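Multiple structures are listed underneath, in structure tokens.
The same chain A turns up in both complexes below, where it pairs with chain B and then with chain C.
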Partner chain A sequence: MGCGTSATAVTHRETPETDEAVKSPSPALTMKAAVLIQRWYRRYMARLEIRRRYTWNIFQSIEYAGEQDQLQLSSFFTYMLDNFTQLNGNGPDLISQLLDPVLDPWFDRETCYKTISIPESYTGPRISFPLSVSDTNALLSAFKEQQVLHARYVLQLLFETKKLLKEMPNIIHLSTSYTKEITICGDLHGRLDDLLLIFYKNGLPSAETPYIFNGDFVDRGKKSVEVVILLFAYLLLYPDHMHLNRGNHEDHIMNLRYGFTKEVMQKYKTHGREILQLFQDVFSLLPIATVIDAKILIVHGGISDQTDLEMLNSIERHKVKSALRFPRHSLEQLDIGQSHRLGKRMRSTDSSHSSRSYTENHRTPSLRKRRCGVSRRDSGASTSSSSSSSSSCSSLCSPRTPSCISPQTYPSSPSTPHNVLQVPFLDSLCSVPLPSPPQQEQEWKQIVDILWSDPKTQEGCMPNTFRGGGCYFGPDITQRLLHQHRLQLLIRSHECKQEGYELCHDGKVITIFSASNYYEEGSNRGAYIKLGKELVPRFYQYQVSRTTRRLTLTQRVRVAEGSALRALKEKLFAHRSELMAAFQQYDQNETGCVSVGEWAKVLESVLRLDLPWRTLRPHLVHLAPDGSVEYQSSFEDVGPGAPLPQVAPNLAETLFRYRTDLEIIFNIIDKDHSGLISIEEFRHTWRLFSAHLGVAIDDSAIDELARSIDFNKDGSIDFTEFLEAFRVVHKLDMKEQLSQKMGRKKYS
Partner chain B sequence: KLISVVSESVSAVEQKITAAFKVFDYDSSNKVDVREIGTIIYSLGCCPTQADIHKFIAEVEEEHSGVVFLEKFLPAMTKVLLENKFPPIPKSTILQAFKVKLDQKGYLKPEELKKLLMEEGEPFTQQEIEEMLAHTDREDNLIYYPKLINKLTSDLTQ
Partner chain C sequence: MAPKKAKKRAAEGANSNVFSMFEQAQIQEFKEAFTIMDQNRDGFIDKNDLRDTFAALGRLNVKQEEIDDMLKEAPGPINFTVFLTMFGEKLKGADPEETILNAFKVFDTEGKGVLKKDYVTQMLTTQADRFTSEEMEQMFTAFPPDVAGNLDYKNLVHIITHGEEKDQE
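Take a look at the complex of A and B:
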């Protein structure tokens, strides 16, 4: 690169006197002009790239922070179950139905669909079993036309899928010798457009075009139902050429939080619950791994230092319905504490070396490194609060006697391995191997590791505190496992990548992600892999565009950036009182200002999001003339969605923060989908939730709130309306929309 | 008094540089991929040529390793900023540059621009020219460069 002649500092002294003077400028002049334009434009593109990066960082940080919340929600459900078998007197409620381990997993619900009849008025696709190509084609065209498949067919499809999956082993072995090339796709997350684009570019599944879909078919996107129906339909049609791995979102508790449950209930008002129940069974029956030519291992998340493919092959995979329903024994190790996020983890008593250094990991910031390719710095030593709150949490979970012995309770000399017990026998010590952790827990951990782990650049294996499950595995772990099983490559998904794919661990691990524009229009490409006999992966990228004209990078970045910043502002708003309290610590004289450094420090410690705060500052807050930050200005252009009921400030804030969780809980309680729940149910739930969160809200405040939102005074609450008040809106959006309508410029 | 003012701005500059560096330091190891150096320099408000960037990299890169450590980057970059080595280009200058070879009417055809930018100077890649050409007016298939300059400059003031 670079031109032959040395380009000294470019000046433009040789401006022509008149415009017409330049008919054929000298080569030197031409070159100088070119360099100038190129230089100028490259700077502009670099700046755009920076914006894209930090927009990306924002989305990822918030997404993972959200997944941490997920752990909270599931532990709350467990808590609810432990303390209340029924929330109202009329038989087991949906929570128990959904969350309790199904008593008879093999109970065949075939009768449920046979009784459903299809009305004459139904204009959607009709399919018949066994499926044929015309059925899958019918589904494809129907879904393109936004039609919804009738519940009867859905149930029948799920039932047939369940039957098929029961026959499959946990790990599927494939060979390229019978096929041309195998196509491997990553996360789809309910993006029907991406799936259709892949089928269009690459061909529909068939004997000539076999596919592997590596998990996370549902949640987040709006068309999860359609995506998963198509995948299951092709599975039934071509069981030898279509292969599905389970992802961490093929999990009914994740579905509660990330949208699949809601989507199903909205599309299937009458039979939604049965459909969800069947999905739960089917998801747990999905195979967990695929191996190609005994050389390439494909799993959704990753591996850990404990991953044992033999064990994985032998366990009863359907028993692990959800990664977030821990085997009961592990609960007392769960650190349910006051409002801290990063301190929460799942832990099972395993004998891995990492468990010993659990407490050290927890407190030493330098160990909390992240996966390769993504910007992440530890957010300070703010985790020490976790241990202090453990005393208060004992009242929240019922104490349980551990049924297995924790290796840590026995002192042992440094030279003693952890899974060995020193027992005095006669006059010496005798080494006795500790009983291995209960079968159930080990199996659960094996599966969770496969579905939730992420690769990282540092060697070793550490619990994945960020996600709350699985591990961070280093290149040495990969090397060891591949070598052990004579494999040469690990293909996984689970993480969104800007180019749709990424290599790490010296090319031994590939991440493949197939949902383009995952965070926002223009945020990332999707990709898929094609593998032939020579087992050299080829990558194909794409990006779905909602608009027909091609957006410039500028436009894409701007849209994504706007969305990310909005999400960030909402976070600030939801933590307003904590932030203000921290700011005021630095601003004893109540000037309303703090320095930029102090501002950044406060945000980092309160929000615990690892972001370049200084760079983001101009978007979030105003500066005073002297260069200090007017910290209140962040909260000026966001506000509640509707007039707030009279609530105490910290109650309001908690409601903003946990709005999504509350929505889920209310929807569960509202069995007949009327949009109403009784005041008693509301009070009950709210009291529970706030106790669980460790937020001190007194009963009278809750009662007052309940009374104030019972607008009809009839003892029931329209929770949709209630929650509307706690949706954050951006006041500037209104202004922008208005001004856009008024002055549309011609766009070049 | 003067000395303290200078040293204050030096530390502010160093903080800015370190923050920009860290955006690309993915595993917090105080090093970045050498291919990101150009972007980092641009992000700090500078406008170097490719040749300038290569010269800079030669000074700070760790012997053929493809990485640059913060310890070397920081002093070199601080010098660049304090001496204003690669100042941004004023709008008027760019306007003249567009006018130099090509039509003075305030617009030009995509082919002309493509020829200039892909054959002269420090040539654009296919991707770079495509991105610039995406600003072509859809109806008359011309690039109104004064508008382009205004647009991109206003986007920069973020």
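Take a look at the complex of A and C:
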């Protein structure tokens, strides 16, 4: 304890011993000072930790809510398909191609690559089959240089991969006796940097360095194409030492929303659709699981209480093209059992039905396009069939069927015919033919459970209503399955983890996640596992860093927090009218204020994200001098990206909310990738979309909208420009940029 | 309605009266803090979570031994009611910048505005609520001393205080 001879007189306003200002600080004083500093610093760190955690919560909630949102898109496509199979009347369009898997998966269309020639001007990597190490090296360096592989090679690669995968069983069995160690990686989600970092740290795939990649190679990240090409290339090069498990994002419908489809279409304007078709086939052919030394099971998501490895091994996995599309056994469109927003379930009735019809006259009241973000706790409390409680509603398109859900009879409406299945379809009921025989249904559920489930601390097995597919499985389920098959460990991915990995179920379940900075720069590390003969996992962590100067913990938290809060504010903005309506119920006198409690209640009831609203309040809204919340202040610093076309307010909001979905739809409709669609197509699509969402928009409003955005008045719409108007921007961003230029006080 | 000492309360065990001690708004805030700390959302927080929760709520004058004692006295795992019972009042706010600066100045007898890294380490890890070496390292990573080993504590205090302000607004 340092005591100098000359001391600066100090005054402690807070502590009682102010009168004891001595020349040299006494031991008591130094102790007091130390305590103050220690406490103060610890409080700061604890606050940082709280911020980090709720930031994480925000990201996760929005992500899962988004997953539910997206399934909405899939149901919309189904709807579109069934109502208007050909939008332009000229034959099947991309939508049908994309959503209607060709019956014969071995259809030889993929040899079309032979007709594609490579122009002289092509400067990208050239590869030849069968692949050799020089080809994979060429790919690696090319991708590092941001080059794009020519469509012909992509198609050829996919064709070869498909051939190879066809020969593989559903469950791959590996042994550590031939190799030193196996490396197991989790979700990559199109992060090429992470993959390259893993290869750099751990070595390229080879006979000495075998790898297992546990699914979710694509979507979200910007380099999904490159990632998956590399993985497939190594698979072709070392089929015995490179192993890929299917993830829930190896699914063409998920790809529509989460970016892979878009990325392919952008990078491959001419051949994108064929490439996507092949990817669809290849994805469905990926093995479902890997087992090491008959002791360690590796799957992407998890298990359920009905997981049966024998059955999994025997089914035809390629038939489950997408977890979001119930398997069909005929050419007819069979809708997925859409879970009703309020959780209504219908019991399937018996007997078959030949023709199909849609009845849309059962609109339930107060139904709109809200998604229900279910909190995990709530889902634990309620069963899958709980209906009225708002917490039980699930996504609109979940990998579930009517019969998968625990049956509960509901009063059927008077006009329900007996021989059809009444399936809730958003806010209406549709009659569809009976689903496929129980066998197919069972098989489909087995796969979906493997790809979508998450572990939980509570015992038992419950439907994963948060995600809308698969189950939550407890430690007892894990124990049972491991015991049943004489396994000792389950390795899975599917969930982003702060440290890149996490253990649960008493060490029997490991989650491994390999996309660092998944939510935001600095949000999390990535990790991989190395497993040797003794089967003791070792974890290796890393984090890709874009900035040249490494950020401190505080800065990282701040960056991630800022990003999360912006996403949250956008959510608020996109639900503005609902929120305002709810606020006004508490604010009858139109003072513009409600209490903090009321504010928090409204937010949770509308957004359903299960977030700590009171803690977040300072970042989202202003307080009046009397401590009440000025609820409109949330909407002040976000606004549209470009001058809005003349649009009715609720239409505008819908557009904000579904901007991404609309973009996807437009991209698909725009076959020649001109960026333009015809007014007729626009009207058509929009009408469908709004009918599907239950937004009450009459035709004249749509026509007006179409007219107003036909900027060139030539009958076509530049939808990029149109969508730009509905991108939410944060006004503060512009202010920040300005003031930064002027040089503010600096933070280290 | 004066808040009782936490220890005494813990000895009484969790009871429903605790909710009447606080205003609804306060309870809601506690609940949120509790939920944030309850990472796996099972309604319970463990010892490590406890310490962080304390610290975040401003209750820092709780030593590890005290926490251990409380945990022993708690009827079971710490759920929200138990939590409320054990830790009564909540202290809001942070110490003013001046106070912390003065605390540092106690050690900076020559008034240089900087302190030697080793000295700071010694000062904070060997007395009072001792810092662990990890905590010390964390501080120096976030606020690195210069090449001569001097820690600019004024800067440190300023940034943390004003960073907090900015983030709290």
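Rule of thumb we're sticking to: the second predicted complex is superposed on the first by the 591 of 748 C-alpha atoms of A that agree within 3 Å, B and C clash if a C-alpha of one lies under 4 Å from a C-alpha of the other, contacts with A are read in each partner's own complex, and residues count from 1 in each chain.
The rule we apply is simple: contacts are C-beta pairs under 8 Å (C-beta built on N, C-alpha and C of every residue); 3 or more make two chains touch, one makes a residue touch a chain.
On a predicted model such as this, the values are computed, not experimentally measured, just so you know.
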item: Which superposed partner A:30 touches (first chain B, second chain C, both, neither); value: both
item: Which of chain B and chain C A:553 touches, first, second, both or neither; value: both
item: First, second, both or neither for A:458, with chain B first and chain C second; value: both
item: Residues of chain A contacting chain B in one complex and chain C in the other; value: 1-3, 6-7, 10, 12, 25, 29-47, 49-51, 53-54, 57, 375-377, 457-458, 552-554, 558, 612, 614-615, 618, 748
item: Residues of chain C that touch chain A when the two form their complex; value: 24-25, 28-29, 32-33, 35-37, 39-43, 52-56, 58, 60-61, 94-96, 98-100, 102-111, 119, 123-124, 126-131, 135, 138-139, 141-143, 155, 159-160, 163-164, 167-169
item: For the chain B and chain A complex, residues of the former touching the latter; value: 15-16, 19-20, 22-28, 38-39, 41-43, 46-51, 54, 88-89, 93-94, 96-101, 104, 116-117, 120-124, 128, 131-132, 134-138, 143-144, 147-148, 151-152, 155-156, 158
item: Residues of chain A that touch chain C when the two form their complex; value: 1-8, 10-14, 24-25, 29-47, 49-51, 53-54, 57, 375-377, 457-458, 552-554, 558, 561, 596-597, 600, 612-615, 618, 747-748
item: Complex interface listing, chain A residues touching chain B; value: 1-3, 6-7, 10, 12, 15-16, 19-20, 22, 25, 29-51, 53-54, 57, 369-370, 372-378, 456-458, 549-550, 552-554, 558, 612, 614-615, 618, 748
